[in-house]
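Here it is, the structure, as structure tokens.
By letter and in written order, the chains are A, B, C and D; residue numbering begins at 1 in each of them.
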Amino acid sequence: MTAQTISSPALPIRKNESSGLRNSFRYLRRNRQLAIGLGILVFLILFSGIGYFYVDKNTAYALGAPAGKAPSWEHPFGTDGQGRELFAVAVYGIWETLRIGFIAGLIGLGFGSFLGFSSAFFGGWYDVIVRWVVDVLLTVPGLLILVVIASTLDNKSFTLTRMAFIIALTAWMGPARTVRAQVLTMRERPYVMMARLNGMNSWGIIFRELVPNLLPYLGASLVGSVTGAIFATVGLAGLGLGPLREPTIGVTIYWAMGQNALLRGMWWWLMMPILITILIFIMLFLISAGLDEVANPRVRRTI
Amino acid sequence: MIKTPGRISGGQILLGDTDLTKLSEEEMRQVRASQISMVPQGAINSLNPVMRVRDQIIDSMLDHNLGLSKAEMIERANAALEAVELNLKVGRMYPHELSGGMKQRACIAISIAMSPQVIIADEPTSALDVVTQRQVMQTIGRLQERMGSAVILIGHDMGLMAQFVNRMAVMYAGSLAELGSVQDIFTHPLHPYTQMLIESLPVLGNRGVFKGIPGITPLLRDLPPGCVFNTRCPHVMDVCRHKTPVFKEYTPGHWAACHLHEK
Amino acid sequence: MSLSYLLRRILLVFLIIWSAATLNFFIPKLTPRNPLREKLLEQASRSGYIPPGFNEMVKSYEKKFGLDQPVWKQYLTYMNDMAHFNLGYSISNFPKTVPELIGQAIWWTIGLLTATTLISFFLGTLLGALMAWSRSSFIFRQVVPSLLVLGAVPPFIVGLLLIYLVAFKWQLLPLGGAYDTTNLPTWDFSFFLDILKHSILPALAFILTTAGGWAIGMRGMMVTVQGEDYMTFAEAKGLKNWRLFYRYAVRNALLPQITGLAISFSYIVGGSVLVESVFRYPGLGSLLATAIRQLDYFLIYGIVFILIVAIGIAMFIVDLIYPLLDPRIAYEGK
Amino acid sequence: MSNLLELKNVTKKFKTGTVALDNLSFAIDANAPSIIAVAGESGSGKTTLAMMALGFLDPSEGTVLYKGKVMGKLSGAERVAFRKEVQAVFQDPFAVYNPFYKVDHIFEVAVANFKLANSRTEARKRIEEALVSVGLRPEETLGRFPHQLSGGQRQRLVVARALLLRPQLLVADEPVSMVDASLRATILESLRKLKDDLGVTILYITHDLTTAYHVCDHIIVLYRGAVMEAGDVETVIANPQHPYTQLLIDSIPWPDLTRKWGQQELVAIDDITIKATQKGCKFAGRCPHVMEKCWQSPPPLYEVAGRQVASCYLYEDKPVLPNEELGSLFKGQVKAPTGQMAHG
């Protein structure tokens, strides 16, 4: 007769909601791209992390080793025409490249998502201005802006960390746009109304209701800005901008091209940075595709 | 149109004397729209947003060797639009310029353009307001009489059934529970599910009485043995739990699958 | 097409060009010194002689960036110059002006980029559509997708790889340049073939890396579109497979791709600068790389400015085409 | 006169130019708990009205008053009180849950923000009581994620939340339209218990006149942002006076073979021609009885019978009820529904 007596049987629930770590591993088994991408990342970090302690940094600079040696047991990746030990260059170059990428990517993501959140949530003129600025700056190639900035600065006062900050200047527009779009759709969700009915204020809604759901997007955005930043470091160095003395991947490419490595028969000089760059970008691509699958389960199977 | 991984594992689907399950994909394609057509559920999104309405009527004729000239096809498309009481102007419009009711009528125009023998209308009005729903259903009804086709109305709204259909079949968890004329079903329901379904309907008068059907529908991959309704049936007997009832004709034209009536 | 749409687009182009010009004006000003003047003098002293008219050039720059003027006045003068494409002299190629040098190089860039962008867009979109189409053959659904990884790699890196393998190791195609410099350019068929031969590798580097992006985007849209009600209804209409594919699925999935095309110009140009410089292709990219090496500031700023203007115009053209393809935009605001 | 919530000459225009509500006035007196149906088709402005009552939308013109004070000018404490006293049940019982949290979240936040309990155990006890009284077993529902529960369970949890908060006004926006038909009765029954046992006034927003007829005491019929007819639900549904209400009720597909559709001929609507800027009666374009004056100015509310008003010039000889007194219709003794909700 009355409502109390009915209670529909609960839907079956998987027993033992085990620890987060085990769940993550189970998830990685299904999301193979993410797994492989993260695997490469761990490998690269271990490679340069361990190398950091065992490889003499001085050999990574010009005249630190005999010049023009082909790869051998003694010089695993060979040495370049100016006497750099390419194995040492790889160890420090990977480290520096990833470091620049992550510093610039994190700054870009932080600033971009702040703008995205605030403009979507508060709207009005502020939103209009942010949107226009982002639209315009997204149209201007970041690399060209960086070329103008970097060429104005003095090569001597250029450190890698400073380079990271400069690159961060062009890394925030993408996150600002994606975060804004996501917040705009999420802001209209009924659970936000529910939170307001529960007496939550705007900041509570942003941090307790929206941010947790945005994590996959923020992750994907971070990978996006890191990719952009690494592209920019390698690209700038390839054009001959930035600290050209430092042993980075991009700088090595610059010297290998400028010194006609191929014509001088030193193919390893060019191949080492190229293969490492390809590995780094494939890693970023796989991670971003994997995260994409987390964020939009609808468009599964990216590879 | 069963999408993979679904497939038809047995049985026949007869249209006249043809078994549709035996047709090749190409033959089946020829059958669609020209002999069996569909009025879709979500009319709002069932039209191609980048094509004009009339082109969407014509392209299906183009793909069914009708031997018509372009002009004749336009003629026919216009006739279809007129049949669903749409202005001919609508033919040159894009879907986003139409209201919900107009889109649904445009969809009907597409489905009847080749005068099919069977029109399958799958909840054709579930997204529409009651007045628009009535207009759309009355349009379908008039067309059905004029073309002499059969309309299969699929839906959960018993009210709509009572208003529109002649014969109806009640399905529960993938099986037929009852089949009969709409009078039979509403006045002498045989199957307990049908009875409860009818009792749960709000009617005018008897205000405040409003019943539900306790329990939940079983999952299709995990059906109970015997009669599929035995978990919710108030008249459940032992036999219902292990033996599947036979779908039988009890009075002329009135069929049901229930052990209660098997003597 | 609604007027407000058009106005918004025009405004966007102007904002892009204006910000490019402003960028070129203010960035050099960020350093406390007057780097332009210093560099000019440094250049002059490095080459050991002062070319005729050099003083005049210095003066023209001093006028343009004159420190005696208030900043807003400098800015106005500068903007006026930019509006007339008065981009100044090249320091290392004096007395050639920046527009002259750009004028020689820009056609190579435009030619290469237009061709490769179009090929890459159509190829990638088609592959993406076929990959997502449920009735495609095994090759498209299983094999082609693994090639998408190439899209992750920057174009110039693939360019270097191609140079090493195809041009250096197997010696199938030239190492770089736009034509064989041992032949004097004569406008005949063999010269044309020569140009084509030289452009294969840079174009390939570009197509291999950008087509993947188009394919991924298209595949995502095709998956979405195939789940739409109008696809189910279209199938129930008994349409032929190719009509379903082309008129219904591809036609709708293509729209976001076109928007993507407008947005991607920035990436395309950024990537092409490096590809050109790797292949020493005589376009704006190589010119930029040379300018950077020779610290030829006005040339750098000029090239950056022109490239951004070109991007703005290309975007505008795509935005004008878009409403023709999507009736929902065309009627907006009617 | 103590109105909990009052709308005075409220008009809402959206940026797109659509007028969602047009000069609407009415008041809800929390001292005479009742269930008021706001019925209308899509585009009638009923959801706008709900959002406005919840304080999620501001009117373009006119004022919304909460306990006699203008909504935008509430003090901090009054604002908190408003938030607690005016609650809602929404249409989609999935989307109201943040997928990141377990379903407990909607209870826990409410308990914390409105200080509903002194300790965790007390909070837990009160939540469980609320669940039990909507027919849910706490151990089967709490601690789960929304996707692990059925639609009926999720919606009953939302109703339980309303029960826990004991609001004075509950806005129920199509609470059963996305719930399986067999579970509707339970949810509607819970709503009625909220009114009977806790004295909660309920604004039942719906497009479905049949459920409105069965659970509500009063009804307001909206068409394109204006009131067409209002009054006791029994009178209005059984004996509609406004041509629009007549059309609506005539178009309901009753599951009754003796009551066939279409006693009244339809005036075909060419949807394109209806303009938002139309003066006069909103229904004039579709009305079978349309007169010249219908196009001039909107008709006032005529008292066509006891506790029943219709905005239609057909009843010009009847006394006029001033717009702002619409709320008075919903006060005083109400004839309770005769039957009882039951479960088969």
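We take it that a residue touches a chain if its C-beta (ideal position, glycine included) is under 8 Å from a C-beta of that chain, and two chains touch if they have at least 3 such contacts.
Source: prediction; values computed, not measured.
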Q | Chain whose averaged C-alpha position falls nearest the assembly-wide average | A | A
Q | Pair of chains joined by more contacts [C-beta pairs], B-D or A-D | A | B-D
Q. Just how far, in Å, is the C-alpha centre of chain B from the one of chain A?
A. 52
Q.
I'd like to verify one number: the distance from the centre of chain A to the centre of chain D, where each centre is the average of its C-alpha atoms, in whole angstrom.
A. 50
**Q.** Distance between chain centroids, defined by C-alpha means - chain B, chain D (Å)
**A.** 32
Q.
On a C-alpha centroid basis, what's the spacing between chain C and chain D, in Å?
A. 57
Q: Mark out which residues of chain D touch at least two other chains, giving numbers and ranges.
A: 150, 183, 186, 189, 342-343
Q: Give the residues of chain C that touch two or more other chains, as numbers and ranges in rising order.
A: none
Q. Of all the residues in chain A, which ones touch at least 2 other chains?
A. 6, 8
Q: Sort out for me which residues of chain A touch chain D in the complex.
A: 1-8, 10-11, 13, 189-191, 193-200, 209, 212-213
Q: Give every residue of chain C touching chain B within the complex, in rising order.
A: 134, 228-230, 232-240, 243, 247-248, 251-252, 255, 325-328, 331
Q | chain D to chain B touching residues, read off their complex | A | 41-42, 150, 180-186, 188-189, 207, 209-211, 213-215, 234, 237-238, 247-248, 251-257, 259-262, 266, 268-272, 337-344
Q: State the interface residues of chain B toward chain D in the complex, per the touch definition above.
A: 85, 87, 97-102, 129-131, 133-135, 138, 156-164, 182-183, 186-187, 196, 198-204, 206-216, 234
Q | Residues of chain C defined as touching chain A within the complex | A | 12, 15-16, 19-20, 23-24, 27-28, 30-31, 35, 145-146, 148-149, 151-154, 156-157, 160-161, 163-164, 168, 216, 220, 223-224, 263, 265-267, 269-270, 273-274, 277-278, 288-289, 292-293, 295, 297, 300-301, 304, 307-308, 311-312, 315
